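By written order: A, B, C and D. Residues from 1 in each chain.
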Amino acid sequence: MAVEILYIRGDFMIKVGILGAGGYAGAELVRLLLQRDDTQIVFLDSKDSEGISYTDLYPHLNGKIDNLMTSMDISNNEYFQMIDILFCALPHGLTQQAVKSAFEKDLKIIDLSADFRLSDSSVYEKWYDTEHIAKEELKNAVYGLPEINRETIKKSRLIANPGCYPTSIILALYPLLNEGYNPKNIIISDSKSGVSGAGRGLRDGNIYCQAAENINPYAVGSHRHKPEIEEQLTKIARSEVKIMFTPHLVPMQRGILSTIYVKNEYGVSQNKLEKIYLDYYKSEPFIRILTGGLLPKTKSVSGSNYCDISLKVDEDTNHIIIMSAIDNLIKGASGQAVQNMNIIMDIDETKGLLQEAIWP
Amino acid sequence: MAVEILYIRGDFMIKVGILGAGGYAGAELVRLLLQRDDTQIVFLDSKDSEGISYTDLYPHLNGKIDNLMTSMDISNNEYFQMIDILFCALPHGLTQQAVKSAFEKDLKIIDLSADFRLSDSSVYEKWYDTEHIAKEELKNAVYGLPEINRETIKKSRLIANPGCYPTSIILALYPLLNEGYNPKNIIISDSKSGVSGAGRGLRDGNIYCQAAENINPYAVGSHRHKPEIEEQLTKIARSEVKIMFTPHLVPMQRGILSTIYVKNEYGVSQNKLEKIYLDYYKSEPFIRILTGGLLPKTKSVSGSNYCDISLKVDEDTNHIIIMSAIDNLIKGASGQAVQNMNIIMDIDETKGLLQEAIWP
Amino acid sequence: MAVEILYIRGDFMIKVGILGAGGYAGAELVRLLLQRDDTQIVFLDSKDSEGISYTDLYPHLNGKIDNLMTSMDISNNEYFQMIDILFCALPHGLTQQAVKSAFEKDLKIIDLSADFRLSDSSVYEKWYDTEHIAKEELKNAVYGLPEINRETIKKSRLIANPGCYPTSIILALYPLLNEGYNPKNIIISDSKSGVSGAGRGLRDGNIYCQAAENINPYAVGSHRHKPEIEEQLTKIARSEVKIMFTPHLVPMQRGILSTIYVKNEYGVSQNKLEKIYLDYYKSEPFIRILTGGLLPKTKSVSGSNYCDISLKVDEDTNHIIIMSAIDNLIKGASGQAVQNMNIIMDIDETKGLLQEAIWP
Amino acid sequence: MAVEILYIRGDFMIKVGILGAGGYAGAELVRLLLQRDDTQIVFLDSKDSEGISYTDLYPHLNGKIDNLMTSMDISNNEYFQMIDILFCALPHGLTQQAVKSAFEKDLKIIDLSADFRLSDSSVYEKWYDTEHIAKEELKNAVYGLPEINRETIKKSRLIANPGCYPTSIILALYPLLNEGYNPKNIIISDSKSGVSGAGRGLRDGNIYCQAAENINPYAVGSHRHKPEIEEQLTKIARSEVKIMFTPHLVPMQRGILSTIYVKNEYGVSQNKLEKIYLDYYKSEPFIRILTGGLLPKTKSVSGSNYCDISLKVDEDTNHIIIMSAIDNLIKGASGQAVQNMNIIMDIDETKGLLQEAIWP
């Protein structure tokens, strides 16, 4: 079917298109963008849901965006010149084709897949077991973690939006490692994610009765976010960082909690550590450092773009425990994508992202 | 302790105080009001949490409203003259004292309790098993369902914010009954509520392991919302309406679904019925009539001020089934309270309430 | 692959085979049968999981039944002569072929599908939109609700194991209707089911993030259990009974709660009604009548073969409300199947079924 | 009120009494004991629920044990001579009084509290911030982990039933440490528990809407199970073991998953490690070692007395990750208590404990 072009008007500042709009990250993008008065969604692409109204798939948006989804021919990039920003929420592989095609046009790309997160394509090819076909574009990609790469993001055309687990882990370790406290021992991140992290795909692990009343580890030591985390941490620490990363599935919809263990090789004190973090993040609108013994909960950030972090120096075991909580679909995906959009469009970075978490 | 007065500035249009801010309805009020640029919260009262920071109780609001709660002496109404709107989320009984005290001052009151919902104090006294001590004020109260009483609300000083179940049921029946299709048979409402409807109180039924993986009816035929529903429906129908109302507790946090059975005594057709509802609610910003066989889900409205309604004429049994879904804490409590505030302050009724539902 | 025949030994009393062992009903059958010392599972058939170890699919049974599933050729009935009881948990349609084939051999069949529940094949064909190809066998089928048809079940070779919703509704209405209190008005059953009722199939509604924090009605007035319920109730009442049946999906794994509304046309009192029910079910091992204002909870029966029933005569609306709770996978499926097996094998009907519910 | 003595008959082998029967551990004990034909419950004590029928508190046991709970005067030990086994599920402190009193009589005691788990009363006094008043009895206590102390349990009169977290962690580390692979580095256990671990107490963290859709760490580095774990591991390893123990609360009812990180200082291979564990536990009826890449899930053990363990040697980080799953109320509390009862009564250790897990 022909691509359905949504209500084009002249008075919007930002025109966006969304590839892969049918998944949960796509739906969160749409929800966040619909709250704004400066952004227009020009098209909604979906392979699996072509011809279906968006609100049939996401009835909570009923009355707001009842347009049909279309399955776009991504090799034909004529539609890309209608937009300022392309959000790409496609599976890996397909992403590279879309980005290649879009990159030829005068627009900016925010990619939510893993395809442009690893700077070394051979590492990508090893972990994702597929050839990288957009090596030229990869050179232009910036890792889109605003708290770390804000200035580079501003000047970039291709933003690799970070993975959900990596966001929770890198933000939790950035001040420590950047300050020079890079442990010679490995870092352990025991991470727990709600089921939406696995998407809306029809897979056995996503079934209600398989996930409810259950917690289990998966992909122990072999999750594809491991090289992404290690590359970023190594860059921050300016020396090689190794991570033991263990993801777990938790019976809840949203949220990631990472509990991170670092040997306290430098004897940092609780006070010193909190001071470092408060200082690093004092101007960050979406990072909250919890002190006074408060610990993060995913519920405190669920529905918001916040990352809550707390720190514990355990003298008995000489370890630092860093805990962080995010909403995997917002700060871990679509909220961060919008934050990146704000940065590259040079508007207020918090625009459309100040909605508080929902409790209960 | 002295009442903590929060950041008074001169440039806000609306100053509000909240009595009983520690419960979930209080917390939703605070969250909704914090999103606005025209409203200032002047005080947060809580008996149980005096001296505790609001964000210790509700860490999702960390950084936004870290002020202390105070337990106010409601007989002393000096603080009430500092505000334009008093939101009262106290238990019944206590509410009447507070309203009596506040009513003497020049402010408007939106009461989230049941104390001013029943126009006949003797009915109140029977169902709530306690004397009504504010009978004069009761005469001035308006039942705050904007879709029905908008014009009266505008002129009122005391709004009785409807109960959560009644909101879901009355909105579902209003067009039918107002149009004159009042069945001689009783109406049955089988209603299902998430656990937040029972508040944050420390009661056995609220315990996670008692509520999870469970559904159960309670207060069958004896729930205190029954007289409230019957009074309003009777008024709408202009003849006595009796309801068999069965509430159930469902293992979810938010949401009410009411499945309502009405004998189709007038032989209304599916088309006719949908036309009536679409017509009645065509200008209502928060009512969505689902057609084409779509059925309401609480998930579609969770986190929003919407009420989704669908209609089914079942010819085999000659019944009309009306289904409605709301978020009990928003359209069923605090969102509706804010909607009422907007109306009595004569500003855009949707102000601060257009946040979409959260999915998943 | 060849059919994997499980550890045949001579000292078992009962040899069973399971067709469609991969689903939740199949898994519950296996679990219940593994607890016994008198039953041997001879084969486990599964189309979708051929060649997979049963405990790969159901790791809770690890160490107990690690055999492979095989996809059996049901037209070849040689394996059927190895067993005494065939449990058939196949999708409808396929079931008829299997039953036709098995019926030729000397064994008894307990069918968990809907294919032999409706005595009139034309009603079946209308509701299931497919031809019935085993009309001869259908004549021999008995509706396997032991509390009503125990004596006929004993003598039968083909048991149509009742649907989950019908079990909860028919048991709740049997004493009332059999006693002659058949209302001229329709009966309304508002029923709520946990997600396992929809099986382990990969469908969008089964996805965790679609079902969690949500309640919704479905198939209003058109669910396929309606004719099954009406046929049985009509038989019990000895005059036509019509039912308005509204199923809902509840965010829990197991359990059905039916809330049933009957006009109290005969003016039955609370005492009288409870007496009738206590009397009817006084010897039934799996029916518990709750009195003294106690109301059923699905949690009270979850993991057990019980059906809890309570009764409420509401004088204000002149209605009887009957509430019943079962575990949909046990009394609503596999537990009832085992109960039927016990009956037709003429052993203690409660054998292997006395496990209490799990709380919490 | 007088102590209600339950149906004493002469033909039971084992007479038991339960102190603190109102909590979840008490209820699981009752459920497990009711399944047996050799055990009689003589009394049910509860401070908070005196005079209430047990099935009012636990309606799943309706019809099985409708007796009243009584609040016993534990200083009066006349009732203790009526029983063979006293199960004590009281809060700490109170436990010591009860055990002191019971110890004078000729019976055996299985204590589910923490009061007799730490051999050094000064360690107890430090972590529990209260004096230990039963130091003599403490000398006679045996740590009741059958897989490790079976022989000593047999000869003991006072069994300190292990904590839930310690059970999951000690069983996971026992073969490694006992085999001599005691790392010089600390061991990290990141543990996750369902909400029933916090009991049925009316505390804010137990409230459904606080626990649902949430995961959070608590008591980081300061949980009272830490010294219990360290004492047992040190004993096993025959040299000091330090543990960094981080508990988390997970939105599910039952289950503990511990993910344990040990530096692979001895270069043990995956094969070697699995071989050690398979060997150590080959005769254990309740330990299942998962191999072939299978990972534990709490769902696989929920409702059963199993502990599932899997092992992963991660060469990239030179770490061993050991994961274990138990049902916190069964193997982590009441199932283990029954296992200990079987051992000290010298009957089949698995008696009454072979019920499979419930899935889903």
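The definition used in the following text is that a contact is a pair of C-beta atoms (placed from the backbone, for glycine too) under 8 Å apart; a residue touches a chain by one contact, two chains touch by 3 or more.
Given the structure is predicted, the values throughout are model-derived calculations rather than measurements.
Centroid distances built from C-alpha atoms place C farthest away from chain A. Between the chain pairs A-C and A-D, more C-beta pairs are in contact across A-D. Look at where the CA atoms of chain A average out and do the same for chain D: the two points lie 40 Å apart. Rounded to whole angstrom units, the spacing between the C-alpha centres of chain C and chain D is 36.
Once the centre of each chain is set as its mean CA position, chain A and chain C turn out to be 45 Å apart. Along chain D, residues 24, 196, 209-210, 212-213, 251-254, 297, 299, 302, 360 each make contact with two or more other chains. Contact topology of the protein chains: fully connected, every pair of chains touching.
Chain C meets chain A in the complex at residues 24, 195-196, 200, 202-204, 206-213, 251-253. Looking at the complex, you find that chain D touches chain A at residues 185-186, 188, 190, 192, 194, 209-210, 212-218, 220-221, 242-244, 246, 248, 250-255, 257, 259, 261, 295-299, 302, 312, 314, 316-319, 321, 323, 325, 360. In the complex of the two chains, the chain B residues touching chain A come out as 24, 27, 31, 34-35, 58-64, 196, 213, 253-254, 288, 290, 294, 297, 299-304, 308, 354-360.
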